[in-house]
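Labels for the chains are A, B, C and D, by order of writing; each one numbers its residues from 1.
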Amino acid sequence: MTTARKPETSLPFLDATVRVRYAETDQMGVVYHANYLVWLEVGRVELMRSLGAEYKQMETADDCHIVVVEAHCRYHKSARYDEVLRIRTRVSEAHSRSIHFQYEVWRDADNQLLATGETKHVICGKDGRPKHLPEKYRDLFTTTAPPCEPA
Amino acid sequence: MTTARKPETSLPFLDATVRVRYAETDQMGVVYHANYLVWLEVGRVELMRSLGAEYKQMETADDCHIVVVEAHCRYHKSARYDEVLRIRTRVSEAHSRSIHFQYEVWRDADNQLLATGETKHVICGKDGRPKHLPEKYRDLFTTTAPPCEPA
Amino acid sequence: MTTARKPETSLPFLDATVRVRYAETDQMGVVYHANYLVWLEVGRVELMRSLGAEYKQMETADDCHIVVVEAHCRYHKSARYDEVLRIRTRVSEAHSRSIHFQYEVWRDADNQLLATGETKHVICGKDGRPKHLPEKYRDLFTTTAPPCEPA
Amino acid sequence: MTTARKPETSLPFLDATVRVRYAETDQMGVVYHANYLVWLEVGRVELMRSLGAEYKQMETADDCHIVVVEAHCRYHKSARYDEVLRIRTRVSEAHSRSIHFQYEVWRDADNQLLATGETKHVICGKDGRPKHLPEKYRDLFTTTAPPCEPA
């Protein structure tokens, strides 16, 4: 049975930090929009690390790949070269075969919210076939969540 | 007054072609998901060119920048190295200050749908301030659309 | 015995075409320099294809990876958004375990030379260990070259 | 008169740190080679910052752009996903109109040298025309260098 956990109010955000690289800007003088998705991944990986799950290890030791099936980003204000940004990330839903993440991108200097995003992922083996998230990881992603409810 | 045009059934898709570059793959052996947004832009620019609007010219001659405010992509099947893809793009909504585009990414060899996406844009000057899309371009984006209705 | 072929004057350049993407520009208003290396690869792959060697096939069917061990690029003039570029590529040296390529990047509109480059590669298996280029490919890379000489 | 400073033995390296992103890997399972040039720039910018020159400020306040005219990289060992790397950077030559940098990329975990590189730059205004490096910056880049000699 697939159980869903919707820890909307409970699972905390983790902050990861990036500094905007020159390569990430475009001729508008701001960051090119596709690069935010790269930062969201930095946020996701650091959140997992903080929860005790090293993604590199998940892939190599557990044949557990967290594959992106949907990405959504809203751009409120432009990030610019050399700015320090905080990528705030949290698990928004954790099922046995999928995980959803929520993100906020903040400019550190003036605490402005630059972008928000969500990504949805399924768990796959190296062969690309869906599989269950190993139990040990599922616990990590939902440790502070309320009692699970049916999906 | 802002008028909206919802040419859902009428405005045609344009096909642009890209071939997957090695740089666009990741260690899963497939294309890294953020690169699809770069292709959507290729599709968008080629659609505009086919409609008579060269985007480079829009920026330099008309101070008209089509800035991404929202991007959404769903990944159905993986694109792989060296595959030829068709980026199908059409205008889904054209307002006086904003344009929405819809996309489909197809693998050419076996005609499989790999991804779908939408992007929303506002028109801005170089200074980042919103402005109206110059009239000449608005006509181009909606020539085959049904009579406009209130937004 | 390793034999070297130095077809300096004989092996022809092949032209591949790319159009500069918005994502490839930076806030200077020109193409970010690292992206030229991505184009050199486009040139290299298309040269190989024209010679009868599909690189994708080389990797998957022959476990033959052409790994970059050195890259050098000189930037003469800036490439800009939406410009059509010709990436001219040729084999400059072909040994049994390594291949060198030479490149020129030309702007198509006014036939200006924008950049020149060289890359050096060794042949490796998936395991990263150096190996000989399979005989069938070596012939392809040197078909129009003068008689081989000792390295 | 142009004076050259060749501080080979005197100007120290500065270490900047990057962690390899998933986006930077390719289907060989290692980092795509063009991404090293992006890291070299991270090293360059952090070196300048440590010397008292914020590059963002150089561009906006002093119309002083350090444009890449040549880049050279040798790849010794592969960088892999999630590895922490030290980008060691120093000024190798500082002239009135040009600066050269040297780089080493080290894997932090086992202190292995992965790559070495050099980049050459000219000083330009926003208009792309060469200009002299403002005096205040020239001093910074050569503070610990031996007495200058003619170029």
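As a convention for this text, a contact is a pair of C-beta atoms (placed from the backbone, for glycine too) under 8 Å apart; a residue touches a chain by one contact, two chains touch by 3 or more.
Everything numeric in this text was worked out from a predicted model, so none of it was measured.
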Equivalent-chain rotation between chain D and chain A, CA atoms, steps of 5 degrees: 180
Result of counting contacting C-beta pairs for B-D and A-B, higher pair: A-B
Same-site or different-site touching of chain C by its copy chain D, using the half cut: same
Inter-centroid spacing, chain D versus chain A (mean Cα positions, whole Å): 31
Length of the line joining the C-alpha centres of chain A and chain B, rounded to whole Å: 25
Whole-Å separation of chain centres (CA-atom averages), chain B against chain D: 36
Sequence positions of chain B contacting 2 or more other chains: 22-23, 28, 34, 38, 41, 81
Residue numbers on chain D that touch chain C, as the complex places them: 28, 33-35, 37-38, 41, 65, 67-75, 78, 128
Parts of chain D lying in touch with chain B, wherever the complex brings them together: 22-23, 25-30, 32, 34, 81
Interface residues, chain A side, partner chain D - complex: 21-23, 38, 41-42, 45, 54-56, 81-82
